[in-house]
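Here come two complexes built around chain A, the first alongside chain B, the second alongside chain C.
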Partner chain A sequence: MNEFIEQRVSLTWQQPKKSYDVVIIGGGGHGLAAAYYLATRHGITNVAVLERSYIGGGNSGRNTTIIRSNYGIPEAVRFYQRSVDLYATLEAETDRWVMHKEKGMIGLAHSEANMRVEKARAAVNTAFGAKTDWIGPDEVKKMCPELDMTGGGHYPVVGAAYHHSGATARHDRVVWAFAEGAMKRGAHVHQRIEVTGLQIAGNRVTGVQTTQGDIAAGAVLCAVGGHVTSVAAMAGLRLPIRTHQLQAFVTNHYERTFAPILSSGPLLFYVSQTARGEMLMGAEIDRQPSYSYRSDYKFLQGCAFRAVTLLPFLRNLQVLRQWTGVCDMSPDYSPIMGQTGVEGFYITTGWGTWGFKAIPASGEQLAAAISTGKTPDLIAPFSLDRFALDRTMADRGSAGTH
Partner chain B sequence: MTESSQPLKLIIDGQPVPFVKGDSVLVAMLRNQHHPTGGGCLCLGGDCPHCLATIDGVAYVRTCQVPARPGCVVACTHHAHAVPALPQTHHVEPTTNARHQHADVVVIGQGKSGLAAAELARTAGQTVVTLDAAQGQDVIGIYPGAQVVARTTQGMLIVHVRQEIIVATGAAELHPVALGNSLAGLMTARAAQQLQAAGLSLGRIVVINDANRLVRFEGESNVTAVVVRDDQGLEQHVGCDTAVIDLGTTPRNMLHRMAAGLPGVRVSVVGDAATNSDVPNCPAHGLVCHCSQVGVADLQSVWDRGFHELELVKRASLAGTGTCQGGVCLPYVRSFLANKGGTLQPAFTARPLARPITMGEVAAGGHHHVTLRTPLDGVHRAAHAHMERAGGWWRPWNYGDWQAEYWAVREAVSIMDVSTLGKMLISGPDALTLLDRLYPTKVSTIKTGMSRYVLLLDEKGYVLDDGLISKISDTRYTLTFTSGGATTAELWVRDWAESWGLNVRILNQTMSLGAINVTGPLAKELLARAGLEKPPEFLSHVEAHVAGIPCRIFRLSFTGELSYELHHAAVNAPVLWRTLLDLGKSLNIRPHGLEALLKLRLEKGHIIVGQDTDFDSTPRRIHHEWAVKLDKPDFVGKHAVLRTNKVSLDKILCGLSMEGPPPIEGANLTVDGNYAGYVTSATWSPILGKTVMLAWLKLSNDLAPDRVMIDGRPAQRTETPFYDKEGARAKA
Partner chain C sequence: MNLPCPNCGVRPITEFLYGELTSVPDAITDADARDVDRAFMRNNPQGPQTERWFHVYGCRRWITLQRDTRTDEVL
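Up next is the complex of A and B:
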C-alpha cells in the first residue's frame, strides 16, 4: 500500500440536464474551483462544468505545482497572495489531502543586473504582503547546501530573493478536491462533452452547443486553457492571446531531502522535490507559438544541462518522464478575468505559466463576479477591456519562468 | 599467478562477489544468491522493476541490462521497493558525448522482424540506422523532427529520420497478478531459459501457463509452493523452488504509441510489437503495479469512488507512474477497467522517456546560452576590467575606479566599447519604403549624411526598441538597436520586409563591426590627434580614417558630452582602442565601463529600453510623442497609438530627484501612503550632488503628483535632463 494513493476523494457523475444557471466550459482547476466557490460561497449549485476530455487533463495536470505570489506589480502580488492564502487553508476547508507544503522559494541572482531585478521584486512583494527578502550567498548556501555556488564556473551565485510563502501542492489532488466539493453540493461535472458553439441572443449568451446537444445557461464561464481563442471566437470575441508550449520533466523517486523551491532566471531553470520524492524541473516557454503537446529532446537536453550546472548531484538521477503543456500569453503578461462585453459571458484566461498558483483565487473571484454581476476589486484591474482602454498591467515578475 | 586467472569480481553491498564472463549484473547476483529487490517476477528483458539496484552511484538501474564488470559497485537500495536517497556526492563525471546521424529509415529492435525490415529498406536503396537494446542501444524517445534518441555504449545518439521509423521492439511477457506475486523465485519463461543457459540451478520448477488456474504463491521470502485450481476447481498445493510464468505476451509498443502521428515521417510497427493482443483476464488479488505498490484492492477503491477514466485511475491509484512506466501493470489496469466499465479503454499516453537514463547522460551535448564577446573582450580582461553579463554580452562594468571613469567623461575624454550595439545595413530600392512603414518617424525627411534617434513600436503601439537611423544614400541606411534588443529587432525587421515582399537586403553587422564611443569635452582634440580633421556635426555622420583605420563616425551623445561613435571592421578594434588610449595620455584619458555610463546617461535622463520601459510602454507614457508622426499615412503601431491616445494617461515615466543616497532600483513610490509607482533607475549624481532617478508614476485625476515618498524620504518630480538641460555640451 502506497501512502500517496488517493483514498478519500469521491467523485459522483450525473446525466447532463437541458439547462443550468451557470455553465462552465473547461474541467480544469479554474473551472472546477469556480464551481466549488459558486456552491460554497454563493449557494449556486445548478451548475455544470463541461470537460471535453477528463478533468484536470489539460494544463492543470501538466504544470510544475508551484504556488507563489512574488510577482512584479501590486495588483498581481495582492491577487496571488489571496491564492497563496486560499491554498494554505484548502486542506482544512475541504478535508482532503492535496499535499500542500510551504517550502520557501529561492530566486537566484548571478550578476549585477540580476541582483537589481531580484531586489526590485523583493521590494514590491514585501510592500504588498508577499514577504520576500534579499539574502546573501552564505544564507543561500545554508538553505540549499546542494548548490554549486560557482554555477559551474559560469553562473556564480551572488545572492537571492527569498520568497517565504513559496509552496507546492499536488496538482491532480487540487483538481479533485474542488471537483468533489462542487459535486457534493449538487454541481454537475460532465466529462467527454465538448462545447462546439455558443447560443447568443442579442448581446447575451443563453447557452452552449455541445457534442451531446444544446444546454441552456443563465451565464457561461470560459475557463479553458490552450484553445481559449477558439472558444472566445464563438462569442465573436478576439482575444489578445498567443499560445506557446511549456515543457517539464521529473526524475524517479528519491528520499525527500531537497527542501526549497529553487529558481534561476538567467539559467532558465527551476526545481523542487515533490511529495512523492521526484525532482520536478522546468524552464521557459518556447518562443514559437504552438498548440502541440509533444515534448522535444532539445528542451530536455538543455534543461538537464543547466540543472546539473547548478546542482551537480542531479547528474546521477534518472529522468523518468517529460511532458508539455500550452500557455496562453497576454501582451502584458497578466491574466484576463471577468466580463467580456457579451452579457453573461465571463472569461478567465491569459494564465501563461502561472495558472496553477491562481486556481483558488481565480475560482473564488469569478464565482463572486458571476453571482453578483459585479466585478470584485481584486480582479477589476485584470479585465479584458484594459487593452482597449490602455490600462494594461505589464508585469515583469510574471515574465519569469514558471 | 597471472592477472587473467584471477576470478572476476564485482562488489555487492560492500562484499566482493565472483561472476562469470558474459553475466549481466543480475545473473551474477542470482548466481550468488542475491536478489536485487528481494522479490517479484523477474523477466530479464528490461521490462519490469524487479531487478533494480544502484550501480556505481546511479539508482533505478535494471541490473538485467547491465553487463557485469570487474569492480563495479552494486548496492541493493531498492530492496523491498525502498526509496533510495538522493546522491550526496558532487562527483563530476566526464561528460558523455552526443552524436547526430541522418538516415532515411530507423529500425528499432533487431529481432527477426526488425532484421527483415532493415534488410528490405536497404535493398530499396535507403540509408538505414538500426538500434537494438540487446546491443546496448536503448531508445529513450521519439521526438518531432523526426528524431529518434538513443543511449548507446558510445554516448547519446540522435538520429534524424527522413522517411520512416519502424518499431520492431517485440513483446514483453505478462507478469502474474495473484497473492504472493512479490515473492522471490518467480520468473518468466524466457528468464528461466536464460538463467538455465547461464548454468544456474532453478531447483524444483512449476510452470504456470493458465492464469485462470493460478490462485496464489506461497512462501516466506522465496516461493515454496504455488496454489493452483485443478479441473474440478479444487485448490492444489504444488511445492517448488521456482515458479516459471508462461502466460503469454503483451506487445512492447510504447515507442510506436509515442511516435504515432508525428508529422513528416511514416511510423510503422512490425512483428510481435504489432500484435493486437487481448488484455489478460481481470485479476482478483495481488499487486498490479510494483513500482508504486498498487494492488487490485487499490484499483477497486478508486473505481468505487468515481475514478473511471484510465488516465484518472492512473493518477489516483498511481499505477503506471513508476519507473517501468506501466510496462508491467498497464495490461492489467486496462483489463480491470474493461471488466468494470464494459469497454476497453485505449492505453494511456506514451511519453518519453521509454527507458530512464541519467540527467548527466541527457545533458550530453547541451551548452549554456552563449554570452557574446566583443572584439575588445581580451583587451578589457588584460586591463583587469570587472566584467559582467549584460544584455547577452560580456561587458566591462568598470576598470577598477568608476568615479575616475565618470570624471574622465565629464571633464576630459574617455572611450567605451559599444560594439554590443545592434547594427544593421538596409539596402536596395525599397529600403526607404521598409523603414518608413516600420518606424513612426518620417524617414523620408532624413537627409543623406544625417542620423535620427528613433523608436521602434510593435503593432500594439508599445515600444519595442530604440536606436538610430542614418542615411548613407537613397538606397542605403544603417540602423542601430539596443544591445539587449538587437536579436528581437532583427527578427522584427526581417519579418516585416518578408511580409511586405519588399526588395531590400538586410545585413546584420553587429558582429562584423566594432564600435568605440569617444566622449568628453576633449573628444574632438583626441580625434584630431588621431588624424581626423573634419569630424561630423551633431547628428551627422562621415566616413574617414581615424588613426589610419577606416571608420564611419557618428555624432550623437548618450553620455551628455561631446561624443563620436567610431564604427569599424571588428578586426581593427584592438589597434584603434590602444592607439586612442596612447594618443590621449596627456589628455588624461581613461576608458569607462557600464557602471559609469549608467550614471552619465541617467543624469541626462536618457532611457534604456528594457530597464526603464515595460511591455506596455507607449510613446506617450515615456514622453516620446515627438518621436511619433501621426500625420504619416501609416506605420507599424499607428492604429494602436491613435486608439490609446484617445483615453487619459494612467502612468508616466518621469524624472525624480532627492537628497541623500539613491534607493534601490525597483523601490516603491507612495503618495499619501498609497502606492504610486516604482523607480526604474536611480543613481547618486556626482556632478549634481543629489540622487536622480527615472520612475513610473501613477497619475491621479490625470495629474502627476509633484512630490512622492520613497522609503520614507521625499522626492521631487524633476524635468529631465537633470544635467545640461540645453544640451550645449553634446552639441558643442
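Up next is the complex of A and C:
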C-alpha cells in the first residue's frame, strides 16, 4: 500500500499477537467487512485479519464494481438487496467517500425468449424488494442514446429490465473503509502473513499456522477468494469450487456522460463509466480453471467485439489497461457462507464473478454467525451442506458475469 | 494460449473445448458421500492438473494433457 493512501485513510498497523478471539484469513473485502461488523455490531475487537499480500490485492481490487440485487431466486434477491442497502449508507456510516453512485442498470433483451426471462426476473426482483421494471425500446434509447438498437444487425434491442438500484463504488476505497473502520476499533490487520495450515483439535479449529508462527483463535473465518480450495483442505474439507480467470478492461476517457450500467445477458457483456470518465467493461470467465493472472488478447478481442456491437462509439476509444482476477466459481452460481462442519471454522466463498456487491451483507451476516454461533436466516440457504442435501440454489442466469 | 494436439500440431486454444476429469478420494467410503463428491466437489489444484480437451475445430478427437494451473503452461 502506498503512502498517498495511508495519509488519507488512517490505518494503524500492529504486531501480531499469539492469540485472538477471531482470526480472519484473507484481507479482501469479505474478510475486512467481517472484521468491521464484528467490531461495530458485536463489540468483538480481539480480531486479526491475515493477508498474505496487501489488502485489496485480490479480486476486491480487480473487479468492475457493479452493485445490484436483480437476481433470479427469492433467497438471493433478499440477500443482495440487504447488501445494496448497506452500500447505500456505507459512506454515512464510515465517514469515508467510497464514490458510491446509484446509476440504474439496463439489462437488455434481444429476443422474444430473452424478454420472457427478463420479465419473469423483474417480477421476482420486485416481489422481493429489488425494484425492477420492464421498459420498451424507446425508453431504452432515451436512457442510452449511444446504443445501436439493431445490435449490429444480430442483437436487436427489444426492451430491457431496468433495475433501479444498480450502482457502482470505488473498489479499493470500499476495502480501505472497512479496514480503517475495523482497525480504528481495535481489530488488527496484518499484511504479508500467509496462512499455511490450520490447527484442529478433535473436530474444532483452535488456530492457524502462518509464515510468522502459530496464532491461536477461538474462531476462524476463511475469506480467501479464488484460493479457497487449498485453505479448506487444511481443515480436511472438499469444496464444490473451481477457480477460473475473469478479465476486464478499461478505455481512455469518454467525454460525455454515460449514465447507466448497461448489460446484455445473451452477449455476456456489460459496461459502465468510471468517475474519471473511462469506459469499464467485462465479459465471461475463461472456460478452463486457472490461477494465472495473465491477461490475453483472445479476451480483449472477444469483449471489444461485443462492446462495439452494442455501442459503436467505443470504436473511437483506446484500451488503457486490461487485467485478470481468479474467481471462486460455485456449481450453482450462488455463494457459500457459514459453518463448515468443522467447529469454529467458517467460510465465505463461491463469490465467483459477483461478490463485490455482496461485501457488506456477507460481512454483516458472517459477523452475526460468528458472534452468536447461530446461522442468520438471510444466509442459511447458502450453507455448504446444501450440496449434500440436494438443495442447490441454481441462479446462473442472474449471476451472469458481474 | 496454444495447446499441442498430437494429430494437428500446436493450435490456438480457441479451437478446443475443455473437458474436466474428476476423481473421488479413496478416503471417502460412504456410497452417498461418494456420489455427492463426484457430482459437486472438485480437486481444483494449484499446480499440475491432468485434463481432457476436445479438438472441436480440428481433428475432433479428445486429447489428454497436463497443465500447470498457476502458469497455464502445458507440461
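Following the convention adopted for this analysis, the second predicted complex is superposed on the first by the 387 of 402 C-alpha atoms of A that agree within 3 Å, B and C clash if a C-alpha of one lies under 4 Å from a C-alpha of the other, contacts with A are read in each partner's own complex, and residues count from 1 in each chain.
The rule is simple: a contact is a pair of C-beta atoms (placed from the backbone, for glycine too) under 8 Å apart; a residue touches a chain by one contact, two chains touch by 3 or more.
All of these numbers come straight from a predicted model, not from anything done at the bench.
In the superposition on chain A, contact of A:Tyr37 is made with neither chain B nor chain C.
Legend: residue contacts after superposition of the two complexes on their common chain; A:Ile241 is shown touching chain C, with no touch to chain B. Shared-chain residue A:Tyr162: touches no atom of chain B or chain C. In the superposition on chain A, A:Gly61 makes contact with chain B only, while chain C stays out of contact range.
Using the contact criterion defined above for the overlaid structures, shared-chain residue A:Gln322 touches chain B, although it does not reach chain C. Once the two complexes are overlaid on the shared chain, A:Leu314 sits against chain B while remaining clear of chain C.
In the superposition on chain A, A:Trp351 makes contact with neither chain B nor chain C. By the touch criterion defined above, A:Asp296 lies against chain B and chain C together after alignment on the C-alpha atoms of chain A. Put simply, more of the residues of chain A are touched by B, taking chain B and chain C as the two choices.
In the superposed model, A:Trp97 lies in contact with neither chain B nor chain C. Comparing which residues of chain A touch chain B with which touch chain C, the overlap comprises 240, 292, 294, 296, 331, 387-388. Residues of chain A that touch chain B in their complex: 1-2, 4-13, 54-57, 61, 74, 110-113, 116-117, 119-121, 123-124, 127-128, 148, 154-155, 172, 176, 191, 240, 251-255, 257-258, 266, 268, 277, 292, 294-297, 300-302, 304-309, 312-323, 331-333, 387-394, 396, 399. Interface residues of chain C facing chain A in the complex, by the touch rule stated above, are 1, 12-14, 17-18, 25, 32-33, 36-37, 39-46, 49, 51, 67, 69-72. Considering their complex, residues 57-61, 83-93, 98, 141, 143-145, 147, 149, 158, 262, 292-295, 298, 301-302, 305-309, 311-312, 315-318, 322-323, 325, 351-353, 356-360, 362-369, 388-390, 397, 460, 462, 614-618, 643-644, 647, 650, 664-668, 675, 678 of chain B touch chain A.
Those residues of chain A that touch chain C in the shared complex are 227, 229-230, 238-243, 287-292, 294, 296, 298, 331, 387-388.
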